[in-house]
Structure formats: structure tokens, C-alpha cells
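In order of appearance the chains are A, B, C, D, E and F, and numbering begins at 1 in each one.
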Amino acid sequence: MLTRTAIDRVVAAALEEDAPWGDLTSEALVPADATAQADLVAREPGVFSGGAVFAAAFALTDPFVDVRLSVTDGAVFAAGDVLAVVSGPARAVLTAERIGLNFVQRMSGIATLTSRYVAEVEHTGARIVDTRKTTPGLRMIERQAVRDGGGHNHRYSLSDAVMAKDNHLAVLTASGVPVTQALQSAIARLPHTTHVEVEVDRLDQIDAVLAAGVDTIMLDNFSLADLRTGVERIAGRAQVEASGGVTLETVRAIAETGVDVISVGALTHSAPALDLGLDVRITV
Amino acid sequence: MLTRTAIDRVVAAALEEDAPWGDLTSEALVPADATAQADLVAREPGVFSGGAVFAAAFALTDPFVDVRLSVTDGAVFAAGDVLAVVSGPARAVLTAERIGLNFVQRMSGIATLTSRYVAEVEHTGARIVDTRKTTPGLRMIERQAVRDGGGHNHRYSLSDAVMAKDNHLAVLTASGVPVTQALQSAIARLPHTTHVEVEVDRLDQIDAVLAAGVDTIMLDNFSLADLRTGVERIAGRAQVEASGGVTLETVRAIAETGVDVISVGALTHSAPALDLGLDVRITV
Amino acid sequence: MLTRTAIDRVVAAALEEDAPWGDLTSEALVPADATAQADLVAREPGVFSGGAVFAAAFALTDPFVDVRLSVTDGAVFAAGDVLAVVSGPARAVLTAERIGLNFVQRMSGIATLTSRYVAEVEHTGARIVDTRKTTPGLRMIERQAVRDGGGHNHRYSLSDAVMAKDNHLAVLTASGVPVTQALQSAIARLPHTTHVEVEVDRLDQIDAVLAAGVDTIMLDNFSLADLRTGVERIAGRAQVEASGGVTLETVRAIAETGVDVISVGALTHSAPALDLGLDVRITV
Amino acid sequence: MLTRTAIDRVVAAALEEDAPWGDLTSEALVPADATAQADLVAREPGVFSGGAVFAAAFALTDPFVDVRLSVTDGAVFAAGDVLAVVSGPARAVLTAERIGLNFVQRMSGIATLTSRYVAEVEHTGARIVDTRKTTPGLRMIERQAVRDGGGHNHRYSLSDAVMAKDNHLAVLTASGVPVTQALQSAIARLPHTTHVEVEVDRLDQIDAVLAAGVDTIMLDNFSLADLRTGVERIAGRAQVEASGGVTLETVRAIAETGVDVISVGALTHSAPALDLGLDVRITV
Amino acid sequence: MLTRTAIDRVVAAALEEDAPWGDLTSEALVPADATAQADLVAREPGVFSGGAVFAAAFALTDPFVDVRLSVTDGAVFAAGDVLAVVSGPARAVLTAERIGLNFVQRMSGIATLTSRYVAEVEHTGARIVDTRKTTPGLRMIERQAVRDGGGHNHRYSLSDAVMAKDNHLAVLTASGVPVTQALQSAIARLPHTTHVEVEVDRLDQIDAVLAAGVDTIMLDNFSLADLRTGVERIAGRAQVEASGGVTLETVRAIAETGVDVISVGALTHSAPALDLGLDVRITV
Amino acid sequence: MLTRTAIDRVVAAALEEDAPWGDLTSEALVPADATAQADLVAREPGVFSGGAVFAAAFALTDPFVDVRLSVTDGAVFAAGDVLAVVSGPARAVLTAERIGLNFVQRMSGIATLTSRYVAEVEHTGARIVDTRKTTPGLRMIERQAVRDGGGHNHRYSLSDAVMAKDNHLAVLTASGVPVTQALQSAIARLPHTTHVEVEVDRLDQIDAVLAAGVDTIMLDNFSLADLRTGVERIAGRAQVEASGGVTLETVRAIAETGVDVISVGALTHSAPALDLGLDVRITV
């Protein structure tokens, strides 16, 4: 669970960006004592994510706005469902509207897209994971949205797991040390809680990497046939991640190759915002 | 021009998110004294944006990394072009790589998509503008990318221009005051430098709004025929903005209706990151 | 309306500056369980501004302090009026007293001075506006005080409207392009919501600037006679702003020349703090 | 000496307030490759303060701007003197101009006003000190300006010295303990480095306060005659501070009563900004 | 009293360090609707400090957690005492547990160690004070803990009192000016509220320093005999601080030499965290 | 490697805490144009850590101070060795001295203590790791110090690895689900890169935990005999961490039981600051 202080920091930054010295339109057009009631309505079906973030947008604008959530993060909803009810001073409701919507649409969009990938791979044993291709500054909440959609998270950052790519392997073996041995001595320098994943581009790289005792091998841009061969060769001695060229059309076939993990950058970098609207009724 | 302090703030936040306590992989696999030279290479053609932001990612990781830009923001490039050369300590180059790429890919993606919209409306007199549907925290740099692509910016935030929508108009006229008069008294409360734009959904709303002396009228989700009628009715007495349902396929026809401004949320919320890569050569 | 998060940020910074590691005097001289009741009393008549900021000073020191405002921002009050009542732990009330007063005195001072300028120009059609000569870090709340005093705001910052001065015009025409044409091509690069104002020093500059279609022309340091001539020449084709040498003594005559806008740097840079006092009664 | 990190924090906040998403005017009207040279020129004589802050305004906008200071903080200058030379990219020079000027005008205004008070009391043995009535957020630099003008600083904040006023004394003696004894037990709770100052309103309060062993007694709003009597009665056993009603006209007479310290709120809250200008020459 | 905003800033930073993107363990192992009740129990006797900081750790994680303190800061408690009761959502209680404990253990450890030093010097007239050897970023709360333990604070920072050491004295007299005169002219430049303390290493330095009228003389690393001689020589004309080699074993003898102040770096840099535990009962 | 922006943030906070409005002593006693040269000298032998942090303390005070490091992080040095040379304006050198020393003494203290633990377990196959018992706000640099001393890091925070303790297990099995099955379903919810460690208090807990497929089992406060039995029972199917009661005296015996990891809270919470001094020579 994200801490309140972390959520508030992200939302406050967005508010100060969007209304640095107030909302000219509300102040000029809406009386100070007008009140508003607003329904957060789903214009399309989906999976909800971002309730706490949505509520914070209003609370940080004006603590007198009340937000009641009707659904919890991760819940499936239908078009037309009312997901939350917002009530309070009309100026504040209108000022915070776009920021609140922006976050909940983005997060629910990610959760919904994730849930579709997850549904595709049902019963295959493969899990759908995100990548580091998140929006700068929003990783924390985009990652939560992936979880709300039934997906799993990959490593959060450069600081919490190792992902060795071709550049790293090239360096590691530059002085002539065999890759297995070089990897082993690198692993010995890492925290014992650090997961080590190595990316390979060809089947013939697997054995040396596997021999080093890595935790996960990523098969990058492999054909379905090669994925199948890779899974067989690794034979449960490491987790197998498939990466590259994953779409809703291809993900089932990839999952059926027997890989454990399928990483999908699109979950965060290409999820369309979900169409949620705020139906506002103002009482003057 | 964005100030250095503003750019650094955005980039530092991204770096602290992506490498909060360092880059485990680089530290474990790359010797401290290894050096790297890296070319920022275009894998597809496009319009460049984000040079200063790209450079800041490396400078804030390690001031000993040197970044030389070969193209300026707004320049058109071809697939294969080298856009920048990065050199310095290998660990720092690898640590900052993703953040640097992330920003420049996103910004160049926006600039490139914008340039396509701009090309479509060439010689029509219509301009392509962005919307407030930007990424929370990144509006400043996404807006620059739109400009680098030849587009124009809409209002930056709730604080710098008025955009009156149906909710606002409903409130304004709730007490029975006619809309023209209500708008005029609202305008009288605004800074004299504040641009006033009003969104209308139907042709029959135009006259009352126009009579109030607004600066721009937004015709929201109008058919091409209605756009044409709207432009004729407004007859240069206000700028005309078309909004809603704008795609690369429809934008030319919309522009040819004679509108002045076409706002395209997709410029920032749906621009695919451009495929730029960093080809790294490490010397141990 | 300013967001709560923006107000809190400004007030918290002031509190941390004035009591970085607490209030030595209160802690040494006042028992921890003493309570205080304090009246915010007007020592002179004026226009109130800064209620929310005043309240935040106490809330951010100790959430157990209660602040009840008796007047709203923009209200006129007489000497002797009680404007707010503060009650709660005595140490916190004394710690926050100066910061709370400082803000509300400054803001009410600006609102009161503004209201005097506004009264002077009554029925002339001219509006009184502030300038960018605000206190670094406090522009947002000083601008609100101007509005509370019945004044209007000028552009907020370099980012939200254009103000072209002699330096800019000199650059613009350096290559021999006529000023009208040069301005027009600059305007074409700006957001359509950007107000363009140009400052001129002489009557003979007006025609070229006007021909470019600018929104406002600022007549800088013009004599009354020249202001009158300027207004006639512009003839409603742009707004006219008078600037320079504006005092309470001169402002009426300036307004009567027919200008639309009179900018007064003194509103924010020279408004004396209003004499408001906090009458504190402590119960031990 | 203020640390670079403290100066940069204050200046960066001002820049982000004044150019949150850039300088529209410079960007639209000035070519990216234009360069500027600018002289900081004194339009009136004064005492310089704020050189490092002035330079930071340009450096934080664009590190390629070069600022050479011709005078040091505290130096006296004549009208017409060139105080600094700025050179670099024209857009950046114009963007940072107002912020740089704003700080240096404010600080030099304070230093200059301070120097006039200091000159008035020459050879009297009294020192001129500031108060806590500084601008929220700018205390650090306003205090430096007072020092640059030859004045001295009072306590910086509530955290670094005690100032007991009537409210505090009333609390202290509420339970019937005599003021001397009550003060002594309060002093015993304070850090040994904490200066204790007590404000008195009448001569008959002095003895009890003095007996407690305080460091400074502030005679608040005393007549000249009473000041003289107060000084005699205290007789060097504590420092004597005069406060209230101090102007350039009265300060000499106050100093001649023999007080040690004269606090002048006007130094910071009423110093007019000094008239310094930036003469910019742009080369396109 | 520390302001709420200052406490929250310190605690929020700690929370974001320890749970930057949530608590994986709680989220995976504890149901979202589980509740917890937790007693803060003393595993050893001591002096309590940090109640507000402890409570903030939970409030900033989740405002629905309720914290009731059973003891006030500065209270003595026995092993087994329940010092506070925490109740609310189980995930939040577990997430904030370590941060809350960390602060309260550290602060109570400092208060407890301080109280032991204070007890040792009872009835001697010497006070126990801390030093600047605090933890970077935590000085404010570590200082409060010293006060809660019955100790006193030394100067807070470089900004609020003078401490002249050998380096400074060497500079001061480099040009041949006698130390007394040099110190006097330095003092004349300081705020009148600034306490001046000078550190001496040998008895023969005392006279010159004393003649300058300093407030405190620190006798650094003096033998008991020399301390006694120093106290006699200073004879009440300045406060005397003993520093260096102070332990619980030596402090009484040092106090009995007649010094006024004994500074003990160990209070903050070597106080062991007190053994306080959180006994958590979770209801699923 | 830590990013420059992360190091600067930590050091700037410390500087603003220790010299919020400058260094009164340096400013009063040291001429503005005095220069200093200072050697960072080891007063005792140890392992160096914190070079970049030490340098940043001076750079953020005044960029004109030059710091040359003679040793790299992780290097062993002898008493008397000069570890760095600092030169530049004397005021700045004296202002930053304590902060610079504070960090480098703390970090080198941790590195040195770590190196002693590491030496004790040489050739045993056990690694020494730190814990989350770090100083709030300084975890990042304390962790680097552990690495510089030859130790390894444990999980950084609650966000990057799972550590299930008795509370968690009690919750997990509250509804009657066997612990193995409950753990497995929790693991299934975690990122595939998340290391799962479970703490057990008794030998008979091991089998159920092991059967769940966890990565590490922590044997908490086990006797040497029980550690040996635990290692045998686990038999390489999970890593084994010993925790509790680890001292320099006991660590070798613990290591010889065959455990893989020994966590030592003392590395960060009880490492004495190393005695490093700054020998300053000032030239007036």
C-alpha cells in the first residue's frame, strides 16, 4: 500500500502544475458559495484503479470537498456505473476535476488493459508484468494500476534488481573471462536479496548464463519456436521471461510456449486512458 | 526558453525515481574506471525535441559525462542519423541511459506526431494546438515538444486563460441572467490579458456568446457542415477553434472549413515514443 | 481560488524560516497546558484579505488551534472590528502569531491600497492592475490581495502573456524588417490564447504596432495630453494601458484620459502593511 | 557567508514563479542565437548588496550567461556606476533580467537605507539593527543586506534568542510568582548560549527584569526623556534596546540617549527598492 | 515546541525512504481489511521522547490509524509500561511500524542517556548540554530529546552563536593584533543577541579572552585540576564550559570543579536506541 | 553508483540545517579574502568511504573550494595518511568543515567496522550484511559505506524484498490455511524479481516455510547448535541468514555453522564515527 504522504506528493505536484495561481474560469464564472455534486461515471466498462489518488485531488484543493468511492481498486465495472460521488464547494470541484479524472482515467486505463492481457493468458501459468517504461514521476501509481488489473510488477528501478543486457555482458567478458565465471563473480558482489536476470538474444547464450545460477533469463525477441526450445533447455532451473513483440494478439501463443513471465511495455506506455466522466450538477 | 532550474527539477525527479540508491547492474558488472561512448541514433525518421533534457539526464548522474548534440530542437532527421554523442564514465552512461532516452523519445515522439498534423493543414490558415491532456508533471516539456514539432500551445493551465464549458454557462445563467450579459460581467472580473474562450455544442449558442465579446469560440464535436456554418456566422469576430474527433485522416477537412485553431489531445496523450536508440561502446 | 496545497506550501516555508527548531520564548515562559484566545483586531479601517493564509499559519503549527474568521476576503472593515478569533494551546498561538499577522497585514495592506486606487477611478471605465513587481515567492497571494481590493491582475508571469518592450522591438527590427510585419510574424508563433501587449514610448510608434493587431498598447510615461492623443489614435482597436508615474494623486486624471488599464507597481511593492493586531488572552 | 545551496534555493523558487514554463516574449521575439551584453547601472547612488544573488538568477536560467561583478557587497557607488556586466544568450539574459534586478534592487535598497541610519548615529555608540519584520522566505538575504549596509542583525527567528513581551510576562506571573524569580527560572531552562531580552513598556518594570539577569532590556515606545532615565537606571548591567517610532529624523536623538541598540523595522519592511537598471544591448 | 509542519517534513522523508513504493510484505501477506491494535511497550526503563513524531509516522502512512499516547515527552517509565496504543488498518500499522519505532527509540534513547548525565551532576550547578554532533537532518528532534531528558541545548547551528576555536584565533591574530583587541572588534560586528564562546586549550589563554568580554569560555580537554584553576581565574566573569573526555564516570568530578556547562557529544552521537517494542495484534 | 543529484540532495539538507543563514563565526573572525588549505588526515587506521559526499559539502558551500581526494572509496589507510586536500576561500572551508567531516567520519566508521566483520568471516562462505536499522534520511549513503567496507547490503526498503515475520505468518494462517500453502499464494502475488525471506524462531518452523519455495530463511536468535541443525535441514534449498546477537566476538563461530548470510544491525546503528581530522592552514 502506498503511503498517504507519497500519494499526496504526486497529486500536489499535478495540482500546482495545472492551477499554479488558481482557476480563473471558476473564480470568474462560479459564485463562491455555489455547491456541486458530481458523479464519476464509467462511459465504458473496465477495471477501476486510483480511488485514493482521485480523492486526494479534491482534498488537496479544498478539504471541504467530500469524496465517496463506490468501488474498490481492482473492481470490474460496467459502462454507466457510478464509481464515486464528489460533493462540496463548486469552485473546488471544478478546479480539481481534470487532475482527478486524469489520474483515475490513466490508472484505470492501465488496469483495464492489463486485465485483458491477464485474461488472454489464463490457465497458462504465465504472468503478465510491466516494465520500466513508465511515465517519469508516475511509476509508483502506474505500477499500482498494473497490480489492480491483475498483472504483476517487474523490478521497480535500477536499484532493486539486476537486469544484465548485451552491453553489460560484453563488458563483463572483455578481459577474456568466460561469461559464466564473470557473472558468478558479479553475483557475489550483489545483495543476497537481489534477483539477477540476464537478457539473451540467441539460444546458444543460454547455457553459459544458466550455469552462473541466475534467477531469470529473458529471451528477447525470440520466435515462438525458439521460446519453446529455450523453455525446454532452461527446464525450470531459472524463470523464463519472454519480451519483445508482445500484443494482445500474440500473448496467448507466447504464454503457451511455457514461459513464466511475459513483460509488456505497452501496459504503461500505451494504455489508452479509460473514458470516465464527471457529471457535475451545480447548485447556486 | 525553459530555465535550467526547471529542466533540472524534472530530470532529477526522474533520476531519483529510477535509481534511488544507484544502479545495481552497472555497479556489479561494469568496472569503475570503464569508459563509454554512445551515439544517440534515430531508428526511424522524425523531428527532434528534448536535447537539453537528454543532456541533463547524464549531467545530473555524473558531471564528468559529456553530451554533444548534433541537431537542434525542431530539426528533421532521417533514420540512421546520429543525433548526439555521449561520452564518459561507463557506469554513469548506463545508469542515465533509460531516463535520457525516455525523455528524448517522448518529446521527439510528440514533436514528430505534431509535425504530421501540421503538414496536413499546410496552407489552410489553421493551426494545430495541444490541450491540457498532458502527463502530470511533464506539461512543460511536452508543450515544448509540440512547439518543436511546429504546433502551437493552447492555454497552459487553469490559471492563464479562461475556457468556459457547459457547466460554467449553466451556473452563469442559473439566476436568469441572459448568457451574453452574464459572460460580460464575468469578463469584467478577469485580467485584461486573459483570453476568454467559450465552448459551444450547438450552432444556436454562438450568437449570444459572440455578443459578449469573447476571444475564441470552440465548436465542440461539430460536423464539417456545422463547422463551416459556424465559421461563417462568427465571421472573424472571434477566433474559431475546432475540437473533438480530430485525427490525421480528418484534420485536413476540418482545417478547410476555415477554423483558425484545431486542438488535438492526441499530440500529447497518444504520441508514440519515437524509436531512438543509444548505441553504447564500452572501453574497459 | 488558490488550492489548499499551494497555500500550505507558502505558509509552511514561512513557518520553517521563523521557527526552524521551535519558539524558545514560548517554550521557556509558557506552560505546555496553557490555552490562549486571541482576537484579530483592526487598528485601522481597511479591506480584508488573507483569511485562509492566516488560518493556515496556526493549523500548520498545531492542528489543535481553531481559527474562526468573522469577515470574508474583500470585506470592508472599521477600526476596532474583530476580524477573526483564534483559540487553542497558548504556545502554538504565540509561535504562529507573527507569521499569521505578517501575511494578513501584508495582504490586507495591498487590498486596502488597491481599493483606494479603485475608488479614485470610479465610473471612469479604467481598471487598476498590478505588475510583476511582487515579492519573490509571494506573487500568488499578493495577486489575490489585489483582487480582494477590487483591482485586477496583469499577466502573472513571463509565461502567460507577451509584453514587448523597446529591447524586444529593437531586436525584432534589427534585420530591417518593418515593425508591423515583424510583430505579426512573432504573434503567429504564439499560442492563440496569448495576449500580446506592446510598450511604446512615443506617439509615433503607435500606428505600426496597432497595424500588427496587438491586443494592448502600453503608453509608458506619457503626459496626460499624450495619453489623450494616444487613446484617440488607437480608437478602441486595442486596449490602452497607462503606466509610469501613477499615484493616488494622479490616477484620476490618467483614468479620465480614456485609457482602459492603469498599472500600478505600488499596489504590491509599496503597500504599507495594514495595522492589524492580535489581542491574546492566555489562561494558565 | 551564505552557502551556495541556500542562495540557489531562493533564486530558483523566484525563477520558477516568474517563468514557470518559459518566457513567451523572448522566445517569440528574439532569435535563439542572439547574444546580449548588459550593464547593471546605478540610476541613483547607494550601497551595493546582492551580487551573488544577482549572478545566480542568470546562472540558474542558463549556465552560459556570464556575470562579472565590478563591486563587492557593501561598497558605496555613485549614480551612473556600472556595477556588473552580464553577457550571453539574449533570450536567457532577458528572461532572468527582472528576477536578477528584483533581488539586487531590494537588497541594495535595504543596504542603502540601513547605511543612512548608520550614518545618522555615527560616533554615538548605538548600533542599528533589523527586526523579524522581513519578507516571508527572504529573511536570509534581507538580513545580509542589512549587514552590507553597515547595520547589525537582531535575532534571526523564534528559535535563536528569547524576546519576552507583555503576554509572556503576564503568563509568567499569573500564578503569583514575582517576575524576577519567574524570569530566572525560565532562563534556567534555556540554552546557555541563548540571549534573553525582555521588552518593557514603563520605567517601573525595569528593576524587576534587571534583577533577573537578562542580557538586554528593550524600552518600547519610550520618550527621549524616559529612554535617558532607563539607560541611567540600567547602568550598563544589561544592553539597552530602543524600539518604536524610529525614523531617520528621530534616530540621532534616540542614539544620544545612550542606548546600545536601536531596532528599525523599516530597514526591511519599508526600504524602497534602489533604482538600478540593466542596459541591454542585443546582437542578432 | 516544534511546528507540525517541521515534524511532518522529517517523518515524511523517512517514510518515503523506507517504503518508496509501498510495503511489499504487508500487501502480499495481510488482507486489505485486516485491522491491528498495537501497544508501544517499554522493554527497559527510560525517559520518553518523540510522541508526536511516533504518531506522525502512522498518520502520514494512513490517516485512519489512531495513535493514543499514554505518557508525555519527558516522562519516566518502567519496563513493561505501555507508552502508546496504535489501532487501525493492519497494513498501515505494519508499514509504519519500523519508522515510528526508529524515531521514538532514538529520541527516547537520547532522553534516557541525557537523564543519566543530568542525575550525575545533581546539585552541582552544572548543566549538561549537547553538541552539533547530531545526525544530519535530525538535529531538531535530537535536540528536543535532550531537553526531554532534562538536558540543555548548546547552540543549534553555525548561524546562531559564535564558537571561536584555535583556527579562528590564529587567523584573528595573524596580522599581529593582540587577541583581546581582535576579539573585541569581531564581537562588534556580531548581532547583539549573539552569544560569543571561545575555546581555549591552556590556562594561559584565559586572561586575554576574558578581557575581550566573551560570554562563555570553553576549557577544552582540561584536567580536573586545571578546570578548577580555570573556574577560579574566570571567577564568574564568563560562563565556563568543560568539554572533552566527558563520560558517566567522569562527569560528576568535572561538575564539582565548578564549571557551569558540560558539553557531551555522546548524548546524540552515542546514545543507544532504547528498547521499545510494538506488540501487534492483528484481526483478520 | 549514486547519482550526483541524490548525493547533492542529502548534503544540501545537512548544510541548510547547520548553517541556515550562514556561519557567524567565520564571517566575524575571518577576512573575506583569506584562503585556507586543509588536509583530511586519518587519526586512526580504517577503510575510507564518502569521498564524493565529503567533496559535495564544500562544493555546495562555495564552488570555488577545490577538493582533491587521495584515496578511493573502499581503500584501506593508516593513521596519519592524508586522505584529501581541500583548498579555497577560508570562510567556506570553515563553514563546510563539520558537515564534510561528519559524513566522511560516519561513512568511514561504517566501512571500517564492516571490514572488521568481513575479516572475521574470511574463507567461511558467509557474507556480512546490513539491516534497515539505518539513520532516517541517510540509508543510501550508509549502505554505500557498508559496501565500501566489503560488506553486502540487505534489502533496501519495504518496497524491494519481502521479509515475513511472525506477525505476518500469524495473519497468513489465521483463517486456518497451512503456512506452506498460504506463503505460496502470497508469493504468487509478488513480482517475479522479489526475493522472499521468512524469519523463523524455531527449527520446527523450517520445513513448512521451505516447502513454500522461499529464497532465504532467517534463523532468528538461534544457538550455534540450532544454526548448524538449521543449515543441515535447509541443505542448500534456500539461503540461510543468521540474525540476532551478532558481535565481533561471535561472528566467526556463527559463520562456521555454514550460514550464508549474517545480518548485523550494528554496522549502521552502532558504528563509531572514525577519527578523521581536518588540519586547516589559513593564509590571511
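Following the convention adopted for this analysis, a residue touches a chain if its C-beta (ideal position, glycine included) is under 8 Å from a C-beta of that chain, and two chains touch if they have at least 3 such contacts.
These numbers were taken from a predicted model, which means no experiment stands behind them.
Q: Determine, using the mean of C-alpha atoms as each chain's centre, which chain is farthest from chain B.
A: It is E whose centre lies farthest from that of chain B.
Q: Same or different interface residues for chain A and chain C, judged by whether over half of the residue numbers are used by both?
A: Homomeric contact, different residues on each side for the most part.
Q: Just how far, in Å, is the C-alpha centre of chain F from the one of chain A?
A: Going by mean C-alpha positions, chain A sits 31 Å from chain F.
Q: If you average the Cα atoms of chain B and of chain F to get two centres, how far apart are those centres in Å?
A: That gives a centre separation of 43 Å.
Q: Taking each residue of chain A in turn, which ones touch at least two of the other chains?
A: Expected reply: 19-23, 26-27, 95, 139-140, 156, 159-161, 189-191, 194.
Q: If we count contacts the way the header does, which residues on chain C are in touch with chain B in the complex?
A: 127, 129, 152-156, 159-161, 189-195, 197, 215-216, 239, 241, 260-261
Q: How about chain E: which of its residues touch chain A in the complex?
A: Checking each residue of chain E against chain A gives 12, 15-16, 19-23, 26-27, 32, 59-63, 91-92, 95-96.
Q: Mind pulling up the chain C residues that touch chain A in the complex?
A: On the chain C side, the touching residues are 1-6, 9, 72, 139-140, 143-144, 156.
Q: Could you list, by residue number, the parts of chain D that touch chain C in their complex?
A: These residues of chain D touch chain C: 10, 13-14, 17-31, 34, 90, 94-95, 98-99, 102-103, 132-133, 135-140, 157-164, 167-168, 170-172, 174-175, 186-187, 189-191, 194, 269-270, 272-273, 280, 282, 284.
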